[in-house]
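Scroll down for the structure; my scribbles are underneath it.
Lettered A, B, C, D and E in written order, each chain numbered from 1.
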Amino acid sequence: MRELELYYGPQHLGMVGNFSITLNVEGDRIKKATANPGYLHRGFEKLMECRTWMQNFPLVCRINVVEPDHIELIYSMGVEKLAGIEVPEKGKYIRSIYLELARVASHLFGLWAYSNMLGFDTVANWAMYHRDLILDLFEELTGARVYHIYIRPGGVRRDFPDGFEDKIIETLHTIGGKIPDYNSTFFDNRLFKKRTKGIGKLDRENAKKMGAVGHAIRATGMKYDIRKIEPYAAYDQVEWDVPTRKGGDAYSRLLTIRDEMIESVHMIFKLINKMPKKGTVYTKTPNPFKWKIPEGDAYVRCESSRGELGLYIVSDGGKKPYRAHFRTPSYSHGLTILENILAGEDIADVGNIMMSLYVVAPEIDR
Amino acid sequence: MDRNKLIKWIKTPAKMGNKYSLHAVYFCTGCGIIEIPPTITTRWDAERFGVTPAATPRQANLFLITGYVSLKTLKSIIRTYEQMPEPKYTVGFGSCPINGGMYWDSYNTIKHLDKYIPVDGWIAGCMPRPEAIFIAVTHLWKMIDNDMADGYKKYRNNYDQYRANQEKVLGSLDWPPLFK
Amino acid sequence: MNDLKQKIEMAFDSIDINIPEDNRMIINISKDGVISILSYLKNAGYEHLALISCVDLINENEFELVYIVSAYMKRDDEFHDREKQNIIIKTRISRKKTRFMTVINIFENAEPYEREIYELFGINFQGHPRLKPLFLEIEYEMPPFRKNFDTRKFVDDMFGNIPEIEGH
Amino acid sequence: MHISEIILSPLLALIVGVFFLGLSRKIMARIHWRYGPPITQPVIDIIRMFSQKSVSHGNLFNFGIIFSIAGSIAVVLFIPFGRIHPLSNSGGLLVILYIMLLAPLGIALSSGEAANPNSSIGISRKLLLTLGYEFSLLLILLALMTHYRTISITEIVALQQKGSWSLFRLPLVLPGIAYILILPAILGVRPFEISKAPQEISSGPMVEYGGTYLALAKIEHAFAIVIGISLFVNLFLGGANNLAFFFLKVLLVFILGIFINAVFPRLRTEQAIKYLFGIPAFLAFLGLVITVLI
Amino acid sequence: MSLALILIVAFSGAIITYLAGKVSSKLRKTIAVVFSLALIPMIALLFGKNIETPLFEFLGLRLILRINNLAWIFAIAISILSSLSVIFSLIYMKGKEKVDFYYFMMLFINAAMIGIVFSGDLVSFFIFWEMMSWATFLLISYKRGPALAAGIKYIIMSIFGSMAMLIGILFILNTQGTLIISQLAGNINLSLYNTIFIMILFSVAFGVKNAILPFHAWLPPAHSEAPSPFSAILSGILIKMGTYGFILLLYVIVGVQKLLSLPGFTIVINILATVTIIFPTFVALIQEDAKKLLAWSTVAQAGYIILGIAFGTSLSVTGGIFHFINHATFKALLFLAIGAVEYRTNGVRDLNSLGGLIKQMPITFVAALIGACGLIGVPLTNGFVSKWFIYKSLILNKSPFLAFFALFGTWGTILYSFKLIHNIFLGQTPEKFKSIGRAPFSMQLPMIILSLAVIIFGIFPGLPLKAINSIVVSFGLESLNINLWGLASSTGALNTINIFTAISAGILLVWLLSKLGSKAKSVNQDDTYAAGTSVPQDRYHYTVEFYKPLYRVIRPYLKDIVDIFYTLLADWIKKISSKLRKIYNGYVGNYVMYIILFLAILIFVQLKWSLW
């Protein structure tokens, strides 16, 4: 009876999302961790096969509740590629601005979750408050706080309302003004460094082997970012940089996230400056009830806030997708990497490591 | 003094406690959980109403079913619900627990949550806003005042039926029946 | 892209490669060649397994397994063409004999993907260390992602029969 | 030793403790930019918990928590609040040190029977943390006792009333600073909130407590806060001549503790122990050496 | 009551039991119990008497038996504890091999110990001392295998101590001309260096028996091999013969006046005692065998006793002697409780394989809990009072550092005691232990008696303290103002009855308060929080490496350097003597031969040339 089996989740304050990790523990060290997903499995891809191409939009955004926007985008990109639809210039810019806002909101959510894991209520509350400011922008733009369904094949649903750009800039300035506060209470806090440095270490070789993407691999120094590698929307129109760190531990991942947020905000300012003032925001598509898409398959990918997001989509020439399979970043992070790097760590660091990898459970289960 | 009045007078503090101190089980059953952090943090501050997350079901008296319930989750929900001390209140959050919502044809989510555990109130919508949670809480207060939030009694009285329904979808459960 | 195509065609015979668009290459290969082409590609620098998917081609009575690999960056801060490329390897197995080889030895993160396909399509990956259910709590009469599993009928049968709670 | 004092002092400690719980939630909320719950929220919580039907895991589960609060009440009787000190002449500081044990021991035994590893881990962490801060605390108390040549706490308070506060007396400055450094550990607030750690081990020893037990555990917590701070106030801040002044000092120290709680994350167990064996222990040791030499 | 009669009864009891065992096991049990119980009233009647009776002459030395308050306290503790152990053994030893031998040795050791405390001169002291040592060796090693190794470790160190003592005795004989303790007492006239010399010699002998650092290495293995009831005797009383020796040496032979003029010696002993408190305490934290844990704890608690006795104020000596009595009660209690668990679980002592036995063995649990509380020194147990005396004395006499280590050791004690209680009695019960029964009554009875002793001495410490105070006064130390409830003093009084009243009133109050709340429903251990899933079988009890984080911090300082030193020394000797293998063949009998030979030579040399 040396080993103890401890359940971390699904009903656990340290678990963000409906996910469970079974820890085999000796003393307070983890011998083996077994990820146990499936609490959120709805059979999305099966359900998509029963719905028409346009009906699927409300469905796909619910794959990831933290950041539905990139899922909308990837599905639109897949449909556009299969149907051969082009996005107008302004539509591309609006998509980029919108997606970067979503990225900041998502990272703030991640910051909430992470600081919560460390018992850092104060920062958690601030981060959630600032995320809400961005959600207010979304609400004005799209009418919904969480599931926006703003991106559609051929562009976006509607143009920015008047003065919306100023509102974005104002909101981002409000948030940006608090960055020194965040730094002094959280990122530069000595105890924060103590808690995170050297935890959940993932070196370059293992990261590659286990399919790490996003900030998990950027924290080992590689500028692996789909927005740069295979630019979509308007990411190739402005200058920006991919922030990286060297350590590969939870600390580096967190700082990568912080730098990414700041970089995104700068990018939004540049995009707003460069955005064409006039022009359509979407290309017209056929009647959604009769819309058939030619036979074929496609693989598209984009960079979500958690890493490379992909979609393999097959059409048999009918009204409905024949098969769609999402490659979500949390899949490898939450199942392969998490299981591997949790072994040998402290019980106290499970939530810590999980949130530093930013594992979002619904994305795994789909 | 009237005997009933006296009993009511004695019972009132407990009712007041139940009303203004709702400790919610922290269980992210579905996508509705995304609106819980805003609710309990700075913007909406549910602690004003006495609503705070509790660490374990033993310490809680409010169960927010936040979103669709897959079969695997249902098992955990039943276990968690049974571990909560009475009186306990359940609120279904979002349209999915009401009738399946947009997953009405999914093979892995249950459609009517109230067939498996009692639900005292529903918040419709996908996604309901944080304000809706507060409306639900105030409604729950009224129900507690009028002794209408009696799902736990219903569960106790009709336990056989609930258990039969649970076993119908989940096969056998890992734990013995709660009430005999 | 074309260089790679030539190289692969040199190394493997009876292989069908086409390049439908920039940076996408589709390789159709018989099921015996999957392991060797994947390890060949890995050695060629395509170390990132993005996805393993499965398509149920019910009309042809076959499953199509799809492996998508891409490359990590050669240098930390220089962008090359190679990273843009996604190579899609397709192979078909019979719907009757649902058995295939595992590729965990080549790509470690294939483990959950194969487990998922085992569970949702019922394809048995031989050599996989833990082919246990990943997502599902109960057993279905047929792996639910197969095309002939009618989810609406299943829902009607299963959840339509649950009685309401009576009495108070 | 009057019977009225014996009744009054635990009651006072309870009221102040519960008030502190409410106050801490309010202040924390304000630091979070929130409005915060009403200050009576802990009272409402406790009433609610008392009315809930919980589960019991056995007789020790029931008895341990009762024993724990009884221990706390006993400690309160030994600690002077202003001029109220019903039992402080029955054994002095050494007895206080030992009776302070009863509260954690009671909880440890009670939650041990809950058969939950989370609570066991919590207890193990709690005991280790106690060992960590007790190292410095013992040195500090010994410096005090050596300096004042008595083990009676009322004597120490009386001597401070005549002269200056211990915190500002030459040989006791270092132990005083060390005490301030370990005070968060004694109160169990962040960064030393390791025994509860809801995000790690689901509130540790309290994991199986519900209903009445949780209410009792809350009350115990309220007592623990008052005891931890009153001891500091009595030993280093000169105690006080009347109640109001005494509790004002306690309140100030407590608010300081809340601010610390708000701006630090939780440490890991071994980091906490390392910290406690580090600077505070060194300062306390130095202080004791100086006290002995002078 | 004649002292010789008591000894005759004690020794003959051992022999008759052995012979009776050849006839029937029932007879053996009856006789063992009757003889051990018979000793209690015989000794109890001697309370307050001060007798000295010569026995006979040997080599021109008079052998004397005597009794006084000090000897009486030790004798009564021996007789009570050993009869409780014998009662406990009745079922514990059932079905084991060589039971006759076991009972014989138990009673024999008992008799030898009574002989030690009754002896009025150093020769008879030495003779009984050796009887006890050898009998202990035979009893430790009677299971063979690792037990033999443990026994050999013990006997070699013991012989080393005995030799030192023998030299000391010869030295005293030569310089003083007499070995009768009452004649030596107080009027020993030796030069300073000679005094220190004999004190060191005797300290080695008593230190080995008392297992203080650096002579502790034999105790943990011996304990883990000995049967549990004997462990109770071994820890509770046998090693306290060393304590008795120390008291005899420091306060009777050398005397307080002389002792106070030798501050250096007491400081060394004090420091050794504090090291003995701290180091074994932290070793005990990481033990995984229940009895080894208790063995290390015994070493640590012996440190408290020696600290109290060697510190030399009347408070501390009172505390030290009282702690000896207390330790005998609660440590014996703990060993018996572990023995009961061991009996019911078929010999499982591994702290990682047990768990949740509180439901199966409630009385054993309560006994173990009371024992652990006494060990920690929780108020309302006797351990608290004795430790309080020691601490207070240390603090008020400008030894805060000694006090610090003593107090800090207590916190270590809390940690390992809780680990012991938690791992065995709390948490989840493994499937295979779910149906075991309670301990049999003959096992429960000794535990109940000892538990009562722990509690009663804790609430009314005045009962034994008054007797101890008279001993302390007879040493020439000042008298204390002892009351029934503790101590009245201007520098901090102790009132256990007040504490008791406060706590019990608190319990009553809170109990009533908890009655206000809703009723709780009783559930079984499987219905516990597991993050929304059901509890796994047999894998839901946190025991392994209970204090791992601390261990990671202090690991580098935890090596038992002394034990390593002895092992190295043994290896070294082995290498050197590989040439002399013919003589040095590792057979115990031969060692005995050599030692007797060596003794004979010593005696011969002394008689011939009178070197000392």
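FYI, contacts are C-beta pairs under 8 Å (C-beta built on N, C-alpha and C of every residue); 3 or more make two chains touch, one makes a residue touch a chain.
What you are looking at is a predicted structure, and each value in this text was computed from that prediction instead of being measured.
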Touching chain A and also chain B, the following chains: C, D, E
Chain C to chain E, fewest steps along touching chains: 2
Chain nearest the global centroid, as defined over all protein CA atoms shown: D
Which of A-E and A-D has more C-beta pairs touching across its chains: A-D
Farthest-lying chain, centroid of Cα atoms versus that of chain C: E
Rounded Å distance, chain B centre to chain E centre (Cα mean): 58
Distance from chain E to chain D - Cα centre to Cα centre, in angstrom: 36
Chain centre separation in whole Å, for chain C relative to chain B (CA means): 40
For chain A, residues contacting two or more additional chains: 4, 10-13, 15, 28, 38, 41, 43, 46-47, 50, 125-126, 129, 365
Of all residues in chain E, the ones touching two or more other chains: 527, 529-533, 540-543, 546, 549
Chain D, residues touching no fewer than two other chains: 32-34, 49-55, 117-118, 121, 198, 202-203, 207-208, 211, 268-269
Contacting chain pairs - touch in the sense defined above: A-B, A-C, A-D, A-E, B-C, B-D, B-E, D-E
Chain E residues within the chain A interface of the complex: 352-353, 355, 430, 530-533, 536, 538-546, 548-549
Residues of chain B defined as touching chain D within the complex: 13-14, 16-18, 20-21, 23, 41-42, 45, 47-48, 50, 55-56, 58-59, 61, 83-87
Residues on chain D engaged by chain B in the complex (per definition of touch): 25, 29, 32-38, 41, 44-55, 198, 202-203, 206-211, 214
Interface residues, chain A side, partner chain E - complex: 1-5, 7-12, 15, 20, 25-29
Touching residues (chain side chain A, partner chain C) in the complex: 37-38, 41, 43, 45-47, 49-50, 208-211, 213, 217, 221-224, 228-230, 244, 296-299, 301, 308, 310, 312, 314, 322-323, 325, 327, 331-332, 335-337, 365
